[in-house]
Amino acid sequence: QRLREAKDEQRQLIDDSSEIIKTFKQFALQLDAKHDRHERIVKLSRDVTIESKRIIFLIHTINSSNDSKKEQILDQANTRLKQVETNLFQAIAKELVGEDPHQFLRAFSAGLQEYIEAKTFYQFMVSASIPHWNEIQKDLTFAQEATEEGAEASEIQTPVLPTEYMLGVGDLTGELMRRCINCVGMGELDACKQLCGFLRQVYRIFAGFDTFGYKEFGRKTYVMRQSLAKTENVCYTIQVRGSEVPKHLLAQAIHMSMDNPDEDEGFY
Amino acid sequence: METAAEMNKLFSDFSEYIRKEQDLKEKIRDEVKNLEHIAREITMIMQNVHQNPAQDEVLKCCNSSRANFATCKTHYAQLAALVPVNQFYHFNDMWRFATQKLAFLVSLTFFLETGKLASFEEVAESLGLKPEREKGFHLDLEDYLTGLLQMASELARFATNSVTSGNYDRPIEISKFVSELNAGFRLLNLKNDSLRKKFDALKYDVKKIEEIVYDVSIRGLRPAAGNADQAGN
Amino acid sequence: METAAEMNKLFSDFSEYIRKEQDLKEKIRDEVKNLEHIAREITMIMQNVHQNPAQDEVLKCCNSSRANFATCKTHYAQLAALVPVNQFYHFNDMWRFATQKLAFLVSLTFFLETGKLASFEEVAESLGLKPEREKGFHLDLEDYLTGLLQMASELARFATNSVTSGNYDRPIEISKFVSELNAGFRLLNLKNDSLRKKFDALKYDVKKIEEIVYDVSIRGLRPAAGNADQAGN
Amino acid sequence: METAAEMNKLFSDFSEYIRKEQDLKEKIRDEVKNLEHIAREITMIMQNVHQNPAQDEVLKCCNSSRANFATCKTHYAQLAALVPVNQFYHFNDMWRFATQKLAFLVSLTFFLETGKLASFEEVAESLGLKPEREKGFHLDLEDYLTGLLQMASELARFATNSVTSGNYDRPIEISKFVSELNAGFRLLNLKNDSLRKKFDALKYDVKKIEEIVYDVSIRGLRPAAGNADQAGN
Amino acid sequence: METAAEMNKLFSDFSEYIRKEQDLKEKIRDEVKNLEHIAREITMIMQNVHQNPAQDEVLKCCNSSRANFATCKTHYAQLAALVPVNQFYHFNDMWRFATQKLAFLVSLTFFLETGKLASFEEVAESLGLKPEREKGFHLDLEDYLTGLLQMASELARFATNSVTSGNYDRPIEISKFVSELNAGFRLLNLKNDSLRKKFDALKYDVKKIEEIVYDVSIRGLRPAAGNADQAGN
Amino acid sequence: METAAEMNKLFSDFSEYIRKEQDLKEKIRDEVKNLEHIAREITMIMQNVHQNPAQDEVLKCCNSSRANFATCKTHYAQLAALVPVNQFYHFNDMWRFATQKLAFLVSLTFFLETGKLASFEEVAESLGLKPEREKGFHLDLEDYLTGLLQMASELARFATNSVTSGNYDRPIEISKFVSELNAGFRLLNLKNDSLRKKFDALKYDVKKIEEIVYDVSIRGLRPAAGNADQAGN
Amino acid sequence: METAAEMNKLFSDFSEYIRKEQDLKEKIRDEVKNLEHIAREITMIMQNVHQNPAQDEVLKCCNSSRANFATCKTHYAQLAALVPVNQFYHFNDMWRFATQKLAFLVSLTFFLETGKLASFEEVAESLGLKPEREKGFHLDLEDYLTGLLQMASELARFATNSVTSGNYDRPIEISKFVSELNAGFRLLNLKNDSLRKKFDALKYDVKKIEEIVYDVSIRGLRPAAGNADQAGN
Amino acid sequence: QRLREAKDEQRQLIDDSSEIIKTFKQFALQLDAKHDRHERIVKLSRDVTIESKRIIFLIHTINSSNDSKKEQILDQANTRLKQVETNLFQAIAKELVGEDPHQFLRAFSAGLQEYIEAKTFYQFMVSASIPHWNEIQKDLTFAQEATEEGAEASEIQTPVLPTEYMLGVGDLTGELMRRCINCVGMGELDACKQLCGFLRQVYRIFAGFDTFGYKEFGRKTYVMRQSLAKTENVCYTIQVRGSEVPKHLLAQAIHMSMDNPDEDEGFY
């Protein structure tokens, strides 16, 4: 911003006799305005990314499905997601008022995808399913106060583009794989199978997309296949190890294998 | 200036020629898209076997795939109609990827149904392709072999998931099959091309499957003769 | 199982979305091809000015170009009809290249006719584009600027060929013009993008033209009155 | 184990098939080596024109090249005999490079002899290739065009060396020719492939030659009509 | 010509300066080779613990390693003498790899001796490095952490071989330790760099070790005293 | 002009030199192809041991391999006849790969037959190579070592499959052997070349085999007398 | 569990440490942006000398630049305050580019004012940097030298434009200066790095400037006084 | 060397009961011997490279064809080349006695090529032609003193392989291009044309090689074409500038363009 002002000053000093120079001064203002807006959105998006990553981290600390703290953690995650929406996405939405949002998509895409990853991860932990992008769009739509007298209140939003949504879901699978590995440590073997099933479902759908013209999807599908393979290997391991003892002893044995299962919280 | 005019004429002809070829490519691309679409559909269908490896469910998937292979025949026929007979290899790269994928899916389906290897002729026939170059729009041997290698990789995954579902029979059957496939491939003098690279991956699939059988064996899960019921646990 | 149903709905919605978008892209692509074709035509016409830099011949080329710009308007109108409001920048990359080239050709034509810079509004108007986003399918400022940089490069070549044809006036006129343009661009805060790169190339064009003026000056070929004696030293 | 034996048989057949194809490739490679050898010989001959650009010396080189083109015909005939008619494009990459180089050398020779562009048919005929795909072992249009682009680059160098030898006529002749060639290429809608890249280089060759003409012109070295003797200085 | 002489002097000085820096690098390289050699020696020594995991044998290896760490101090001292205090990071990449390996070996030795984590200061001290940047030739935090991750991987292997040798205590001890280490690393906000990647691998080591503990537990091979009641939880 | 004549002599000598070298290479290549073919055959034979690890079946494979090694001798003799004394290392890269593979197969066969390491001299003798450079066409030490590393990797796989077949003795025997081999390799100062890289892979093979012994041990499947009671806990 | 708590503490400390470093980088980046901005400003100012090479105008530009250099001092001071004295090279890459550009601008300004080379110490002083590593936040020798090479290239352009403006003295002065600079650089034993590459480009600048001097000399445009007799040598 | 000894010591400590270990100790000695020899040759080769580069630099300081110092410089270059041969290449030759020289080719290839570059550059300045590799081979062949009693004296050599020779000549063209550019500065216009002619000759021959299987030749031919183009452009420039004034004034004018042509020595 300081730099911008310095440049503005500089522009004042330049001879105005030339028609071209006069025109280019106008262009400079336009470009600056666009770049400034872009910069502001990028900063907001970066904050969204950081906080979303933290929320994901928080959800990973859920230790056991019947843990008393599970609900507490999920509540906290939900609250923080709400804050992201109200504080950050509303600010982005304000920047986009009267603009073509696609012009600034690159500025907020990273944040949006990471937020979707966090949001769907949260929802999956709550209900074992993920929300439609239309649902998420509702959370990123805000009532706008009537700014000028007489103007009527309207809605503003940060658009949840289906492609961005789906790329976020693609990343979600990575987190679910991690969750699955953690679940083994916690002895939640059923959760592993459930996660594996869900991952297969998502992978199946991604494998069915025509990714022509959507380079990122191709790459994500590939990574997802690897995540899925890891998850399947976890389930496989549970099965072959489980085979050696009666099922009801298995989870217990896994608990035994950790010295103080209850004090482990925070480590996983 | 006469020469300039002549040259202009010459290049207009070239331009026309290039335009025609681009049009043809456009049409081929449309047809290939259809094939790729079907291949994706079948891929989705066959994903289900991992979720539910029981043989009757597997056979349902196979049936569903077979219906789609039939549709491929139409599209390959249209492709064959577009491509002049001596230009097969001029445009081959455009459908090579789709054909490899379909060859993979056919041979996978065939193995799951019969426990056997789909021969080159059977795969060609399933897709409505000629088995020999000389006879027209054909299945390229390398594409067939690439398909087989993809199948081996998918079978490694299937072996894993079969065990997870408590089916300890299947990995042993798969191990035998893939081992033979491996021996077969070792006969081929593959040069350093893309097929060679994929063949190198086969080594890992074989090892992976052998380790599954190992895991099953060392834990005494290996079904003795007649222990079929155990698999149903 | 409700979740599965929800998931299916989700993904079929998404498939539908992608399909529609691809259809639209196909239509846009066809329209853009028309624009590119016209751009190629005009490029060919404007090549002639290098062969024959006499002003009357140059003006003939300009007239011929102008006729083609008119045709562009139709295609841009069709493009505008295809692209939903507020999705201009979603598809912009598809016609960006064509628009930059056309902006270049319009501003080149304008300069050759008038010796002046075609304003943003004039270029937009010539192509049937709106000068402001709010008003509809518009000319992007950065595309206009890219066009100007391409023009500067072409003018460097034109300066060379003018001298070859014995026209020593033109390089000096061009030098003045491009110098001013260079000063103008230096006022802009260009980010490290493609525009910035092309602007870096402007440096070389400026230098090239300066050297031509140098050659003309040192040989006393410079036409201005007051310099004649100096050349005679 | 019956299946294993069957599979063994299958792969033995494949092995045989692959071996045959590798043998064929070996034979093709030998023939291509011969072509490349001739191409190198002619390249060496044509290098002499840079050392001594006097027209009579140049024509001697051209004659010497022509003798070699005749030998090419034999080798292309042998190549044609090896390659089954519908597999031209299967092996095309093996001789593509040699053919491009020969097309370049034919068109260069032709220009130096006549000052004109060798047509597609003339180049094909010189090398003993068919001018149309349908007629058999043919000259590919892209290879011909690639040859032309290589020629333009060599002519830029030749223009330089002609000036060094005091021949100020030739650059002007070359400039006109390459300019027209450039205009011709601009008509073609080249996709982003290797030809496109080489075409982008043409722009620099054109500029380079224009600058030579510029250098000659600004120093008054340009021969006025009938000043042919000046070039002999 | 005075200025020229001055400039000459100036550049001679620069030349001298550059030569000196190159000499310095050569000397540093020699010293680093010594460190790498010792690191290889210690690695060989520590391999023996896998062959013979009895604690007294392990301690012998540790003693032998300690002797070598002492030698490192000399070399690090010589390195420190070579590198001016404020240029540590100018040459840091040259010894980074060796330092990471040594940090790994120190922390492994320390754990085998004491069952505890060697603190940053202890590792630095063992190698004769300063624990803080400000104090001179120091241990870089990232190199220390990289060493810890290498140790975790080695401990996974050690746990396996301990069981093979009938030592069922050790895996449990290792499991506790690596678990805590893992928890510690999770506190770090690692960016996507090389350290992050190595940390991701840690998870697999953790899992591997837990499986060993599980194997031991499920077969009742776990050493009794005090833990029996806990198993009933 | 004498210089030109000298230069021509120089370059025609060089051309002659290159031509002769290429002819020789062609002949060597043919001979190497034969060796590679045999190596592929033996590889296929030795694949069978994984399918059927019973010792008598294994010995059958070994016998079959031995017959093929005999054939190698002829081809190596022909190769030796082609390669001039003191140019072994000029062409070495051409057969290096084949020799490494054969060294691997010889040492594998030898181990399976005897449970011992085939000495350098034994491997050389089996292939008809001299054990010392001075004595003629010899076995390169590094190729022998590379062969040993390939063997270690194959033995890891063999250990897996032995367990699958219920042979719990073999992994322990292999573990001992590979452990010793590993210790041997650690004595070598390996430069950062391909041998070094393959040696790094040995680490994983050792680990893999250790884990198999672990599995066998913890399940009390280990055949040694003293361990039987432990397994019963 | 005491140890766990200790380890926790340890890693919390590390975490804090890493966070601080990232914050520091952020701050450095901001400061560097300021420097880059000023560098762009000065570049714009110095462009004017090409438009108007009269000495008094040139001096005005120089004055204006000097004011900006003063501002640099503040930012370098802030940078120095941020970067701990012994971590200069840990972050050096972040401001290297800006410093090179500023070194170029200082030495250009200095030459235009005095006709002399700004010494290393003078450039350091102008930017508020220390001339020696040991003394703190310093000017790196390679950055200074890179700046000089950029200056030589700019002076070649300035020589051209001076002639165009009828100033025939300046090219001679520049030629002498750049010749000496070239001689100086030849004294350095530059390795094949980025500096070496830029130095190779210097030769072309030297040649270019000499040609201008030649042009001026041959036309008797060289300023008379005192030099006339020399020309007669 | 120190390291080697340390390792040797270490080997002593290791248990000798294992047959494998015993064998590997032998292998270690063999490999060490080879590596040591390789290292020694590499060091010698590095010295050859450095001194050859310096000689090339020295030859570039020759200022004018009738310069009184020319002969002096060439004498000095010759002496230093002789020193390289006697001191360094003889040492390499000794290392190669009884070995297959190709086994160590990679160790001395760089030095040999750079030496050939220097040697042919020197010869070109003397006689405007370059020596055959057979000639150079003679300079790298040395009489060996009879080391043992009764053994007869024989010849040892560092082999000048034709391919190495030709790669060195390829690099020579780069130096000749530099020489050509320097010649313009010194007003030696005829030398430029001569150099250009020679470069064309070499390029023509390289263009005629079958470089299949000789990767480096392909690369060098490409670089050489660029060097040739630069040289041709220099000649072109001389011609078009020369056209503006009578020829006999041209060299004079170029001299004039330099203030003190005689004091320039050492700069070019």
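By written order: A, B, C, D, E, F, G and H. Residues from 1 in each chain.
Criterion: a residue touches a chain if its C-beta (ideal position, glycine included) is under 8 Å from a C-beta of that chain, and two chains touch if they have at least 3 such contacts.
Everything quoted here is computed from the prediction, not taken from an experiment.
Steps from chain E to chain G, taking the shortest chain of touch contacts, total 1. Interface comparison, A-E versus C-G: the pair with the greater number of contacting C-beta pairs is A-E. Using the mean of the Cα atoms as each chain's centre, the chain most removed from chain D is E. Computed centre separation for the pair chain C/chain D is 34 angstrom, with centres defined by C-alpha atoms.
Rounded to a whole number, the gap between the C-alpha centres of chain D and chain E is 61 angstrom.
Along chain E, residues 44, 180, 183 each make contact with two or more other chains. In chain A, the positions touching at least two other chains are 7, 205, 208-210, 212, 244. Across the complex, chain E is touched by residues 181, 184-185, 237, 241, 244-245, 249, 253-259, 261, 264, 266-268 of chain A.
Listed in rising order, the residues of chain E touching chain A in the complex are 172, 175-176, 179-180, 182-183, 186, 203, 206-207, 210-211, 213-214, 217-218, 230-231, 233.
In the complex of the two chains, the chain H residues touching chain D come out as 193, 197, 200, 203-205, 207-210, 212, 229, 232-233, 235-236, 238-240, 243-244.
Contacts from chain H toward chain F in the complex involve residues 4, 7, 11, 14, 18-21, 23-25, 27-28, 30-32, 35, 98, 100-103, 105, 127-130, 132-133, 162-163, 166, 201, 205, 208-210, 212-214. Residues 3-4, 7-8, 10-12, 14-15, 17-19, 22, 84-90, 92, 116-117, 119-120, 133-134, 141, 145, 180-181, 183-185, 187-191 of chain G touch chain E in their complex.
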